[in-house]
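Here it is, the structure, as structure tokens.
Read from first to last, the chains carry the letters A, B, C and D; within each, the first residue is number 1.
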Amino acid sequence: MINVGIIGGSGYTGGELMRLLLKHPQVNIEAATSRRLAGKDVCDTHKHLRGFLDLKFEDLQTKEIKKRCDVIFVAVPHGTSMDIVPKLLGEDTKVIDLSADYRLEKSVFEEVYGIKHKSPLDAAFGLVELHPEVAGGSFVANPGCYPTGAILSAAPLAAAGLIDYVIFDSKSGISGAGAKATETSHYPNMAENIQAYKLTTHRHRAEIFQELNRLDRTLLNISFTPHVIPSVRGILTTAHIFTKDVMSIDDIMPLYLDFYKEKQFIRLIEGIPSLSAVRGSNFCDIGFEVDANNNRIVVVSAIDNLVKGASGQAIQNMNLMCGFDEKEGLWTPATAP
Amino acid sequence: MINVGIIGGSGYTGGELMRLLLKHPQVNIEAATSRRLAGKDVCDTHKHLRGFLDLKFEDLQTKEIKKRCDVIFVAVPHGTSMDIVPKLLGEDTKVIDLSADYRLEKSVFEEVYGIKHKSPLDAAFGLVELHPEVAGGSFVANPGCYPTGAILSAAPLAAAGLIDYVIFDSKSGISGAGAKATETSHYPNMAENIQAYKLTTHRHRAEIFQELNRLDRTLLNISFTPHVIPSVRGILTTAHIFTKDVMSIDDIMPLYLDFYKEKQFIRLIEGIPSLSAVRGSNFCDIGFEVDANNNRIVVVSAIDNLVKGASGQAIQNMNLMCGFDEKEGLWTPATAP
Amino acid sequence: MINVGIIGGSGYTGGELMRLLLKHPQVNIEAATSRRLAGKDVCDTHKHLRGFLDLKFEDLQTKEIKKRCDVIFVAVPHGTSMDIVPKLLGEDTKVIDLSADYRLEKSVFEEVYGIKHKSPLDAAFGLVELHPEVAGGSFVANPGCYPTGAILSAAPLAAAGLIDYVIFDSKSGISGAGAKATETSHYPNMAENIQAYKLTTHRHRAEIFQELNRLDRTLLNISFTPHVIPSVRGILTTAHIFTKDVMSIDDIMPLYLDFYKEKQFIRLIEGIPSLSAVRGSNFCDIGFEVDANNNRIVVVSAIDNLVKGASGQAIQNMNLMCGFDEKEGLWTPATAP
Amino acid sequence: MINVGIIGGSGYTGGELMRLLLKHPQVNIEAATSRRLAGKDVCDTHKHLRGFLDLKFEDLQTKEIKKRCDVIFVAVPHGTSMDIVPKLLGEDTKVIDLSADYRLEKSVFEEVYGIKHKSPLDAAFGLVELHPEVAGGSFVANPGCYPTGAILSAAPLAAAGLIDYVIFDSKSGISGAGAKATETSHYPNMAENIQAYKLTTHRHRAEIFQELNRLDRTLLNISFTPHVIPSVRGILTTAHIFTKDVMSIDDIMPLYLDFYKEKQFIRLIEGIPSLSAVRGSNFCDIGFEVDANNNRIVVVSAIDNLVKGASGQAIQNMNLMCGFDEKEGLWTPATAP
């Protein structure tokens, strides 16, 4: 049994961490912090957890949460995490940072996020299907939601050195934008609509590129265009992949099967994935179709942005860092319809 | 051709007034005010009007707007309107106030809204199906959205002195809460949900009661419970009406037919109304079912809250005040599906 | 460990039974029948269960399923169940019928459903909060979805003999209408809409009345009006309750607290329940407001129609029939947002 | 005043034709056919038109409808139109076919649709922004919904010979699939979901390619991947365009401005289009962003699939064929929110 703390527990990823950790047999949720809500019941904010959690938000010093917790999830905005993480590391504390602060190489981070990095550190990139070094480590940068779905859709082809170019056209549920009401998330603006944004400049492009380029150093560029759709949860990524040669499904299927062999949370499916089969679960469903007349493959991946795209993946990382079964606390089917 | 001004043009009712007035053959939209957006193009806010309207928001004194406009719609929050309206009246200016400030008798207003009325005035209650005195007048208090659907559903029975008691259980689209993003209107909170609120204390109860009581002075009370549903537009009102005697459909249908004879925007329908048949239009669809074993009738009415429940009704009032055909600018079917 | 069978496994209640039973530590899902889909993988239909269930639909004789299973859930249409259930009972087999065939007294059933009952039998009414006799029994009629939310909202007041009259105005997600595409469930008809139906004649009225009347024999009638809303899951019931005397919240709260003492799946909440806090879970959230000027109380209850309103409640019944902890397999929070 | 007939009036495009033609000052809706619904009121099917249209569906011979009507819209399924259209043409009758039967060159049609064309004829391709020859003609093939949005997004660049390759990633509201309930359109399947389909093989690819290739004969291929989203109306097309050279916004903007000069229904906008600004209207909004590091431009177009993507465009064609103002009956802003 380990004690777990969540720094920044009032948002959607904080709530989702608690929803999932509650069912984890080796975890005690020891603390959740929120400066704004300190002293308030966690379940006043996360009403769906009523009856499961007798916990108040606290406004804790890093020193104190480090003392009380074996594993700490940091769920604070980008740029804030770098002030907190260095104080948490050391003395066996395991840290999983859900912000972007430690996902990218320092120079790339500074360019993409437009801020100077105060305290660069090496972190494992917590996409465990590609990064076995997560196991046993003490510090993980949990991937972004879009990158998770995008990278997983294309990684087997990248690893085989077959990709000429990729365009990721992603469609996300609006919960990815957070628990705070904004003009974009205003129901009359989002319902019956779809909003493309940052058509060529979204920050997650760098993260996707970094990981695919690690698999294939000859890959020089990728494109990424995100959209929000009238859905609370989920990211569907349509990866338009141009390969170096014309390929058939018989060339490609074995690559995917082999690359994801024994990866428990990747489901290769016949047909085309959709959000409804992964909602609430940690799965990434992947399907594809080969364009017979072109050297193009269209791969579609579906994840729940709050689970495999954030909190579930963070727990998957925790499981490997702590030596638990990778599936512990996460082996639950989606809720459908 | 008349010149029309809108005080408070940046919200949903302001935008809807302009959408409808643009098609009105006798109207020129002369001015729309917004303190916050003064100098900005109206179409930057109301993007759907691009190409139709070459107008900037202005920050106008009442004196100036009065000089430039024949008819002025006041679309400002409750409690603000009473500061503006008295300065607009007189010298042939016609004023239609969309706030609650002049809908209720002064004492009732003060009790229900908890504020002192600074400048009480007599206004016609702008539900033209019940208030023919609107025609030719110069000052109208435009009804609330819930009251419009609720009063119209029960008025024929009230006028006949047949109602023992009514419970109005109403379900509204979220646009009724306005253009500003709030926790309630946050897509993840509203989608796939329904939220009951102010179960027994909503302010519109007083307005519904006032009007039904005007039709039947022996009616002493009514109940009203509102809900918001995952829909942008529309109010469906389920009126659970207990009558003094057991009645049949053959007793009731003639009452409705007679009461709404020649009322162009009331459609009595066989079957049960739904929002999709009125969306974007000024109609109020009404249908009902008699409980054979009880002295109960369930009447259902459907309106578009932004049209018949606000801006469309305001224009209907304008038409009668100005001697235009009641249907002018409003005789457009709903958009469905 | 018990073997469980599901007769009629291809619909939403069948899928939901499997989703929940998969996590039940004392259950093996032995068989799921479907005449139409016999031989096909269960997960081709219930795609969200891929990776969890290696099972094919079978077309089984009752004799055979009885031989292989300790507990059998019958999830077939009304009128079909009565042909199956009698053949399953006996020799320690436990049967939970999710249809309406055994919920009502025979004469009431025949009147309300308009068909002759071929094989009347006594069943416990499986609303365990009111029917402790479920425990240890072998045959349970699982309640309807609307009745579950409606009865639970009013039961404490009925048991105290305080109700003069009740109108239940219920709003359901469309999954209650089943997995088959219909005109009502067609997305363009349901989205941004709300549909009232069977305003005074829905069959569930009889079931609600039967149970409240069992608690208070002086209660002579109730009204029930259902609606479908643009939501997949959930039923919100607004119970407009007239009490014999004017009551305060201090009179009422203790009644509810006492009546639901130690009922694990009832959560009395301050404020007003909403669907988002119960989605995917077996909880019934209840909140209320007292109309200070009237002898009226408005009680709101929220359930997930597929869980507490169907499959979750069926498993809750199974737990008590088999002597398991009532919470086994069901003690999971809702998924939100 | 002309008499207009609609063959196949019971579907969404038929309903939308009537909604729009009702407001057209030079049109009388003379007949709407439906074999299945012959003799029934049109408004029983299209409930939103109640009060506007006193018309019954008829089961008419082509000879008879030709006699009674000056302009005939054919809104029947692909493959059926070719049996009807040839009998309608001649003697001044003007025909607008909304099916795919006459959009493509015969050989391409036969390959893509897998059926032999029984009666090939030359038709003008009714995208009037590209095909001025529509004016004064007597036979038009109205474009498909996806092609309309896709072609308009890329045409200026194609006409300038600048396109190296394009991927169209389109997202459509579900009304495009028609009025008949299907598994895909079942609310629980569509809500909170997004469904990619025919990733590389959708038939509209041929139509998009034909038109862009007409503008640039050196363009050899394009890709098209469609999705349905939880929205009733609208198509957002994200066109990922690779240009032959790196280009700046200053290179591109003038091309679009010039190409669409005096095209009344094309709105070039700053920022990114969204469905809410075109819903219910005949506009195509276009915006774009240049990828500074690539020879890539991302163009986004938004249309209402039932208006500019079908019935509105058909009326726009009719206007030009009959010598009316192009805007007649169509010059109405979108309904928002």
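Things worth noting here:
One rule holds in what follows: a residue touches a chain if its C-beta (ideal position, glycine included) is under 8 Å from a C-beta of that chain, and two chains touch if they have at least 3 such contacts.
All of these numbers come straight from a predicted model, not from anything done at the bench.
Two chain pairs are in question, B-D and A-D; the one with more C-beta pairs in contact is A-D.
Centroid analysis (C-alpha atoms only) places B farthest from chain A. Per-chain CA centroids place chain A at a distance of 39 Å from chain D. Computed centre separation for the pair chain C/chain D is 46 angstrom, with centres defined by C-alpha atoms. Here the spacing of chain B and chain D, counted between their Cα centres, is 36 Å. Contacts with at least two other chains are made by residues 12, 175, 179, 188, 191-192, 230-233, 276, 279, 337 of chain D.
For chain C in complex with chain B, the touching residues are 167, 169, 171, 173, 188-189, 192-197, 199-201, 221, 223, 225, 227, 229-234, 236, 238, 240, 272, 274-276, 279, 288-294, 296, 298, 300, 337.
Contact residues of chain B toward chain A in the complex are 12, 174-175, 179-183, 185-188, 190-192, 230-232.
Contact residues of chain B toward chain D in the complex are 12, 15, 19, 22-23, 46-52, 175, 179, 191-192, 232-233, 267, 269, 276-281, 283, 332-337.
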